[in-house]
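Input: structures, listed below.
Each of the next two complexes has chain A plus one other chain: chain B in the first, chain C in the second.
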Partner chain A sequence: MPRIIVVTSGKGGVGKTTTSAAIAMGLAKKGHKTAVIDFDVGLRNLDLIMGCERRVVYDFVNVINGEATLNQALIRDKNCNLLYILPASQTRDKDALSQEGVGRVLDELKKDFKYIVCDSPAGIEKGAHLAMYFADDAFVVTNPEVSSVRDSDRMLGILASKSRRAEQNDEPIKEYLLLTRYSPERVKLGEMLSVDDVQDILSLHLLGVIPESKSVLNASNSGTPVILDEKSDAGQAYADIIARYLGENRPHRFIEDKKGFFRKFFGSR
Partner chain B sequence: MSIDPQKTPNMSLALEFKSSTFSVPVLVLSSDDLVVIEQQLQEKINLAPEFFRNSPLVLDLQEINKHNFNIDIVALADIIRRCGLFPIGIRGGNVQQNEKALEQRIPVYAGHSDGVLAENKKQKAIAPVPGPKTDSDIDIEVITTTLITQPIRSGQRIYTAGDLVILSQVSAGAEIMAEGNIHVYNTLRGRALAGVRGNTEARIFCFDLQAELISIAGNYKVSEDLNESVRNKPVQIYLQDQALIIKDIVQHH
Partner chain C sequence: MSLLDYFRSSKVGSASLAKERLQILVAHERSSLSQPSYLPQLQKELLEVIQKYINVGQDAISVSFEQDENQETLELNIVLPDLTAKKT
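So, the complex of A and B:
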């Protein structure tokens, strides 16, 4: 069965698009045909992060309005031929999306793709609502600071009550926590919430921790999803997340600072 | 039922409202075939005729509405009365069914909560509609307890007519309200309001008090007013002489 994954957070700037690009690429690299959709109509970014901004002809809104077919709008990724991008329209706003139209496009994608990743815009308004409405799984992207955690909590409430699964009384959306921009040093200094603090507030299954890393910025600037940078800490963290999502059991990394990390592996345990 | 407020103070008290809980059989229907329903109901009654004689009965339509079956409430009520039972309420009905039931002088009860009462249902208090009495004159009042097992997230609101029992955490920015008591067997970070319709006997129980606001029958305290000695502790909160008392759940002697 194809799965629809929404990458969401409530708050802006926490790493939703970076995460969408990385996990879509990760799933495709594992051999699953994957599509990633930019729901941020009017503020499209995903095409930049994926490095396909120069090949955009038609977009999501064109497909919804019947001005282009899905195949005309989907852009094949240059690094991985199992990955396709459906860009957002930059000249329209969120009202151009309709629930019926989004449902139709997702149904069509489900015939051909194993995973469909929906990159949600920030906020809890129409764009974010439509991005999560049809989801089977939700990756909730959170930064280790109180306002981001609060907004994620709010988004979790919306996932639990306003999605199609909730409305139809189906099995609820599976929710996963992704803690991004994590810095163990700053946690130690008390400048950031720890993994445990966030877990305590959200009580959510932790899929992975992405460390604060220069490699994320470099990846964005060069238009290659950070997961392709296999040497980088953030790239490895995303690879772990994909493995865990697909059922592999991998220990969490990047939670403690370097010293603690080595002690854990070579110490008494 | 009209009461003249001018007269009441001088008269001796002729009545008072009390709240009690009764155990009432609920008939959960899963078919819209009235013939089959009557047949199977009669079979059940024949198994224990004394038990069912003149018994009150609440009809649960949730199952059949899930399958979009249409059922004639009037005919259904007739069947039930023919079998010697008294329909005293329906729940889980849709708008038309509820209207039909009220026309039949059958009160409408709110359906049982299916987990979290979502935001879109907020403020739609699930108070039982105070319908007229049935001709059987049986005095029955069903107070529901709502059990919630999922976390109540920031921005969600829960309102229940009876007691509210929550097994998961209540996040900061969430609001839980009950006309009765509130039990939170987990961390309470949001706002909790018990006895919202004036029940001063209502209490709040929680495993870990970190609430933004607690209130009983309109007497409230905000987080800032909470004493450090009760924070992060299992406590009960009740009203005494219009003052909120927050006490360790475990009584120390």
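So, the complex of A and C:
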């Protein structure tokens, strides 16, 4: 059975697009035919992160409106031939996406793809609603910071009550926590919420922790998902996340502060 | 507390305060979100009816909704003006 994954957060700028690009690439690299859809109508960015911005001809809204076929709009990734990108439209029309239209495109994608990753826009407006409405799994991207945690909790309430699965009384969406931009050093100093702190509040299944990493900016500069940077900490963290999602049991990394001065000096507790 | 303990203690920063604030806020928001959406309107209409008979203020009435596994309860609380206020 194909699965629809929504990458969501409520709060803006926490790493949804970075994560969508990385996990879509990760799933495809594992041999699963995967499509990644940009739901951020008017603020298209996934194309840049995937490095296919110059190959965009048609977009999601064109397909919904019947101005292009799905095959015309899907862009095959340059690094992996099992990965396809459906870019967002740059239209300023807020109502360009309709529930019926999105459902129709997702149904068509399900015939051909194993995983469909939906990169949600920020907020809880229409675009974010449609990105999560048809989902089977939700990757809740959260930063260890008060407003992000609060917004994630809001989003969990919406996933549990406003999704198709909720409306039809189906099995609920499976929710996973991805804690990103994590700094073990700052957690150690008590300056940043720890994984456990966030888990105490959200109590979600933790899929992985992605450290704050320079490699993310490098990756977006060059238009290659960070997961392809196999030497980088963030790349490895995303690779772990894919392995865990696909059922492998991997210990969590990047939670402990390895290079902490005090720890080296005074010994670990 | 020795200097060593000071460096070893991990909660010198503001993260514990952040957690505390979040726990309170999230608990509050979860309970208010699970309330039925008709609650504010119900409260407003009830107040109008009561004000026909009794001279009470806007905040004299509170309606709260509780839910557990097998029942939902609606609690209605009306505070009547105190007698001394009424005499004057």
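Just so it is clear, the second predicted complex is superposed on the first by the 255 of 269 C-alpha atoms of A that agree within 3 Å, B and C clash if a C-alpha of one lies under 4 Å from a C-alpha of the other, contacts with A are read in each partner's own complex, and residues count from 1 in each chain.
Note that a contact is a pair of C-beta atoms (placed from the backbone, for glycine too) under 8 Å apart; a residue touches a chain by one contact, two chains touch by 3 or more.
Only a predicted model underlies this, so the values are computations on that prediction, with no experimental measurement involved.
A.B. asks: With the two complexes superposed on chain A, say which partner A:Ser194 touches: chain B (first), chain C (second), both, or neither.
C.D. replies: Touch status of A:Ser194: second partner only.
A.B. asks: Counting only touches as set out at the top, which of chain B and chain C does A:Asn169 meet: first, second, both, neither?
C.D. replies: So A:Asn169 only meets chain B here.
A.B. asks: Which chain, chain B or chain C, ends up touching more residues of chain A in the combined arrangement?
C.D. replies: Comparing chain B with chain C, the partner touching more chain A residues is C.
A.B. asks: With both complexes superposed on chain A, which partner does A:Asp95 reach: first (chain B), second (chain C), both or neither?
C.D. replies: In the superposition, A:Asp95 contacts neither chain B nor chain C.
A.B. asks: Looking at the overlay, what does A:Gly157 touch: chain B (first), chain C (second), both, or neither?
C.D. replies: both
A.B. asks: Pick one for A:Glu67: touches chain B only (first), chain C only (second), both, or neither.
C.D. replies: neither
A.B. asks: Applying the document's definition of touch, where does A:Ser203 land relative to chain B and chain C: first, second, both, or neither?
C.D. replies: Only chain B; A:Ser203 stays clear of chain C.
A.B. asks: Check whether A:Glu185 is in contact with chain B, with chain C, with both or with neither, and answer first, second, both or neither.
C.D. replies: So A:Glu185 meets neither chain B nor chain C here.
A.B. asks: Hey, what residues of chain A end up touching chain B and chain C alike?
C.D. replies: Shared contact residues on chain A (touching chain B in one complex, chain C in the other): 150, 153-154, 157, 201.
A.B. asks: Touching residues of chain A toward chain C in the complex: what are they?
C.D. replies: Checking each residue of chain A against chain C gives 145-146, 149-150, 153-154, 157, 186-194, 197, 200-201, 262, 266, 269.
A.B. asks: Given the complex with chain A, which residues does chain C contribute to the contact?
C.D. replies: It is residues 4, 7-16, 18-19, 21-23, 25-26, 29-30, 33 of chain C that touch chain A.
A.B. asks: Which positions of chain A touch chain B when the two form their complex?
C.D. replies: Per the touch definition, chain A meets chain B at residues 150, 153-154, 156-158, 160-162, 166, 169, 172, 201, 203.
A.B. asks: Which positions of chain B touch chain A when the two form their complex?
C.D. replies: Residue list for chain B touching chain A: 66, 114, 116, 118-120, 150-156, 168-169, 171-174, 189.
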